[in-house]
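What follows are several structures.
Look at the two complexes coming up: chain A is in both, with chain B in one and chain C in the other.
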Partner chain A sequence: MSTMVQGLVEQFREHADKLPGAGKARVEAVRERALSQFEANGIPTVKLEDWKYTDVRTLHELNYVALDESDMSDPDIRQLSDLPLPNFTPHVAVFVDGEYCAHLSNTNALPNGVELHTIGSLLDCESPAIIGHMEGFDAAFPSLNSALLRDGVYIDLAAETVLDAPIHVIFLVRQLDAPRLNSARLIINAQKNSRCTIVESHYCLNGAESLTNAMTQIDAHDGAYVRHHRIQIDAPATHHIGNVFATVDKDATVETCSFAFGGGITRIDVNADLVGSGANVVLNGLFMVNDGQHIDHHTRVRHRVGHTYSAENYKGIADGNGRGVFNGKILVEKDAQKIEALQSSKNLLLSDGAEIDTKPELEIYADDVKCAHGATVGQLDDDAFFYLRSRGIDEQTAHSILTFAFAADISGNIDIVPLREWLEQLIIERTHTKGVNEIENSD
Partner chain B sequence: MASQPQDINDFVGQKYEAGFYTDIEQDSVPPGLDAGVIEFISKKKGEPQWMLDWRLKAYTRWTKMVEPKWAHVKYPPIDLQAISYYSAPKSQENAPKSLDEVDPELLETYEKLGIPLEEQKMLAGVAVDMVFDSVSVLTTFKEKLAEAGVIFCSFSEAVNDHPELVRRYLGSVVPVSDNYFAALNSAVFTDGSFVYIPKNTRCPMELSTYFRINAMNTGQFERTLIIADTGSHVSYLEGCTAPMRDENQLHAAVVELVALDDAEIKYSTVQNWYPGDENGVGGIYNFVTKRADCRGVNSKVSWTQVETGSAITWKYPSCILKGDNSVGEFYSVALARNYQQADTGTKMVHLGRNTRSTIISKGISADQGQNAYRGLVRIAKGAENARNYTQCDSLLIGDKSGAHTFPYVEVKNTSSQVEHEASTSKISDDQLFYLRQRGIRDEDAINMIVNGFCREVFKELPMEFAVEAQKLLSISLEGSIG
Partner chain C sequence: MLEISNLQVAVGNKPILKGLNLNVNPGEVHAIMGPNGSGKSTLAHVVAGREGYEITGGSVTFKGKDLLELAPEERAGEGVFLAFQYPVEIPGVNNVYMLKAALNGLRKYRGQAELDAVDFLKLVKAKTKSVGIDDGLLNRPVNTGFSGGEKKRNEVFQMSVLEPQLAILDETDSGLDIDALKAVGDGVNQLRDGERSFVVVTHYQRLLDYIVPDFVHVLADGRIVRSGDRKLALELEERGYDWLKDETVAA
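Up next, the complex of A and B:
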């Protein structure tokens, strides 16, 4: 057993009584089951097909602190506007090191029909809604999240409710004395014909050494429409594991867009289950890696019934000695006819030290389907580059413009203008990292 | 599915036509595998000590390996101790020098397949190295080839007559410990083909081997080694059929190709091993390791395969593009019907500069058939200006069939370009309707569409082979294509 697994199991044995819901039989039982599942699986290794390109060995030897109390009196964040985060909505829920931070959050203005609970409070009252969401995972990290679950957000939209403005859920990680493991969880329960946009941000303050194990669960019931944007910006010593699970019912739509700007090791799994006819899922993603970064996206779309649709568009930009990984799987189950599934993975490889690994998979057990996928790995177009240069644009700018144009395909889908502009700014900043000399050499 | 014309369902109902069994006395060892069996095989074949040592090394490595489970296929566990590792036709002692001397029953076997040797001899001057079970019993056109300096013989002959070439190249492309089945093959292979094309020589004819699995309970372990020396060119044809049998048989071959500077090898396969009956009983397990090493500058290797047979196919003809400007190509049609399962594809490993590779894979799944494409394109750091284009399409016939794609793309070089595209669909009703309203029968219409679907691959086959391949596909699917 690795140091990490051992350390976490010991901490659980010692501190489980301080977790929310302690003493409640059902909560404790579900935590125990999840922990033994985690113990059985251990931390994945590259020998597992799913982790072939992502080596999390560095995590094994670290002894993360997962269960001590964090010091919420720390005054270093007085107000949200001090942080370099976009401001586009009145509805904000903020978590610092995994715990709800009331003085930075604002949930008073939510319209009728929209309820926002902290998961800590739901655990304390042994709510069946939360217990139901803690079970049924095989993989190591979701199980670990359930075992150590302390806080997070549960958003419930009543039938026919339309959320006026997006809810921004922010998970902040601070620099602490010991490396920390944060379990973040966001649950969106969109009932019949409701509509909402939820933005989930993971942001790391001042280079914190930590591991975030985040989980998002989206239940889109009949006719619901859920938009979910996920943004991750971490420091080099911050590792990030994200799992998104979406269940899409009859005529419902879930759109999820993942922007990963990396930390140390970033691994994001997006799982969508299409369970009702007419269900539709749109998965978009953009990642940018540079020196010392590793970003791995795994998407799994499972068409369980007929007449369901999925479209997937992922783009990756790898520079420096960064490594980007994309693995997309489309699974069409037996008798799920009349399926349309499209998937595209396009990648830019900008530096010789960088690497892109992409694996778009199709697994199809029904015949009346239209499924296609495409994957490319290439460079900026020489002709386009020449065109810009011939107009007197310097190499650095031309490089930036073309890289940005490649990425803007994904960011352009964001219809919250301030958020989009903020993201575009981030992308542009990241296209500037390459020196002119390097460009000359690469030609 | 109710709306689908009856013909589509009939289309896949064809029985295996090459199912018969030739009764020839066998010279076999009892089932089981240990070092003793390997020594027996080696002794039986009169091999030198180095060959035996090599086999035993492979055996030692194999005993430490476990059977791989990652392929997208399901089958009951194989008991390798229940297989007999050596069987050879009795008449081996007095091997025939001409067709007249060949066991008439053997000739009849080939006759039934529709490829009589006589006819083939005339057809395009094809030299045929027949592998009947494990030992070559006949090699034609040897003299003509010898004139050109081409060595084309059975593997055991090569071991004795050209040990310097065999020692130099054997295992240099597929090392003994490469994978479980390759290691097994290295330990127990009984025969196969050996080809050497000397410098600046264009092989005067297309070389062909007909493989057949014949005796009950004999796994067939073929070893093929083709070396194309500087500036040479060769086209090699491999075709397989097997008689009907109710017990699964294992076929674990290893094919190694070496292309030196400016050399070109074209390797074409039509594979029609017994696929099992309509209930999924019986059939051949085809676990093959095929790899080409484009060692030289400007070398080229092209794999073309038509896979219609075998209960389970597990095969990835690959190219290691080591030489600068080398080219790798892979063209494949794989058909899986009834309960057939195929997990096939290729690996293109780009190491040299300006290396190029093309992958065209067409999978057809019918009935309960499961067809998977698994491919790897790896561009190493030093592979400047490497290019790859991959296209893999799947056609589904019947709502219980499955088509899967697992492409791996790994790129470490900024000046390279890799493209992959794949699609999966059934025969569209619009296409069928269009052809039918022009007075074309359903069956012909489907044949036409399937043929069109595979056209890009068929056109890569040598002419005579392309005809045979189309015929095989039509027989496999219904019997009226082409």
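Up next, the complex of A and C:
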């Protein structure tokens, strides 16, 4: 057993009685089962096909503190505007090192029909809604998340409810004495014909050495429409595991877009199950890696019934010695006729030392389907580069403009203008050039 | 202004230009004509600074500066502009944004203050009128989905905003119908101010009906084999290029 697994199991044995919901039989039982599952699986190795390109061995050797008795409740952040994060909505829920931070959050203005609960409070009252979301995973990291779960956010939208402005759920990680493992959880339960936009941000303060194990569960019931933007910005010593599970029912739509700007090792799995006729999922993603960074996206779309639709568009930009991985799997089950599945993975390699591995996978058991996929890895277009320079644009700026242009259709999907502009600025900064501060004004 | 002396250029090991001489003075319009493969486009690209060409001999100076030592954007800063035969489509980059980055790049190179958004848009508006380009094209991604004629008009429009001292038109007439040809010709003529010089590279003389050159040169097999005035172009139109090749061989 690796140091990490052993250390976490020991911590669980020692501290589980202080977790929210401790002493409640159903909570304890589900935690125990999740822990056993985690112990049985261990941390994945590159021998597993799904982890072939992402070596998390460095995590094995670290002894992360996941649970202890220290008081975590007083982060030294006085107000949200002190943080370099965009402000675009009155509805904000903030977690610091995995715990809800009331004084940075504002959930008072939510409209009728929208309920936001902290998961800690749901565990304390043994709510079936949360217990139901803690089971049914075989993979190591979701199991670990369930075993160690102590807080997060549960958003419930009543039938026919339309959320007036996005909810921004922010998970912050601080630099602490010992490297920490934070379990973050976001659950969105969108009932019949409800509509919402939820933005999930993971942000690391002052270069914290840590591992985030985040999980997002989206249940879109009949006719619901959920837009979910997931933004991850970490420091080089921060590792990040993310799992998104979306279940999309009849005539419902889930759009989930992942912006990953990397830390050390980042691995994000997006799983979408289309379970009702007319279900529709849109998966978009943009990642940028540079020196010392590794970002891996695995997407799994399962068309379980006929007349379901998926469209996927991922873009990757790798510079320095950064490494990016995209693995997109589309599974069409036997009776899922008349489905449409599109997938595109386009990648840009900006240096000789950078690497991109992209792998589309189709597994189709139905015979009347429309599936298309494409994957490319390329460099900046020489002709375009010369064209810009011949007009008087210097080499660095031309490089930056073309890199930004490559990413623009992904960021352009964001309809929250301040968020989009903030992301675009971030993309420009990550192209490592000066003199391009005006690109975001191009439209 | 532009002095090309004994210029020799190879691609790979294959010599393309084999000792080319050309002098262009302020305000002059020179047409470079010649059969396909004679090196016309190579000449245009080498002057603008495209990579992939090996300069094996000779020199190119512009206002006394060694042009071959300069990066493409520095050549643009000195006042050289190339209108592309195949203007590049750049999805994701807004046409007006690119032009602003270009103009401010040039101004920066020349030590001038950069234009702010308001002044820039005023300038663009004025130029749009004079070139007769459709406003709708301005806010689209650079050349993306433009027709052949729109692309060439966009080149002329960019030229009118960037105001080069020397404009090289590489096969600007290719792929244009007669109306587009006339519009492009009119656009270029408006930019003739007695100071600005043009090098018009073309296979056919028809563009020269609209942009009337002061000098016509015939490029064949990497050299200028004959120079003359506008009548030479008309003669080429009538007789083709073969008689010149024969003369060259005979000489």
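General remarks:
Criterion: the second predicted complex is superposed on the first by the 425 of 443 C-alpha atoms of A that agree within 3 Å, B and C clash if a C-alpha of one lies under 4 Å from a C-alpha of the other, contacts with A are read in each partner's own complex, and residues count from 1 in each chain.
One rule holds for everything that comes next: a residue touches a chain if its C-beta (ideal position, glycine included) is under 8 Å from a C-beta of that chain, and two chains touch if they have at least 3 such contacts.
Computed from a predicted model, the values in this text were never measured in an experiment.
Once the complexes are laid over each other on chain A, chain B and chain C both fit without any clash. By the touch criterion defined above, A:I401 reaches chain C but does not reach chain B. Contact with chain C, but none with chain B, is seen for A:D409 once the two complexes are overlaid on the shared chain. Put simply, the three-chain overlay gives an angle of 70° at chain A, taking C-alpha centres for chain B and chain C and rounding to the nearest 10. Contact with chain B, but none with chain C, is seen for A:E49 once the two complexes are overlaid on the shared chain.
In the superposition on chain A, no contact is made by A:E115 with either chain B or chain C.
In the superposed model, A:D368 makes contact with chain B only, not with chain C. With chain A fitted onto itself, chain B and chain C come no nearer than 14 Å, counting C-alpha atoms only.
Contacts of chain A with chain B, set against its contacts with chain C after fitting on chain A, overlap at residues 442.
For chain C in complex with chain A, the touching residues are 48-51, 71-73, 75-77, 81-82, 84, 87-88, 90-94, 96-103, 105-106, 109, 117, 139, 141-142, 158, 162. Listing the residues of chain B that touch chain A in their complex gives 1, 70, 72, 379, 381, 394, 396-426.
On chain A, the positions that touch chain C within their shared complex are 381-384, 386-395, 397-398, 401-402, 404-409, 436, 438-439, 441-443. Taken in their complex, chain A has these residues touching chain B: 49, 334-335, 337, 347, 349-352, 354-379, 442.
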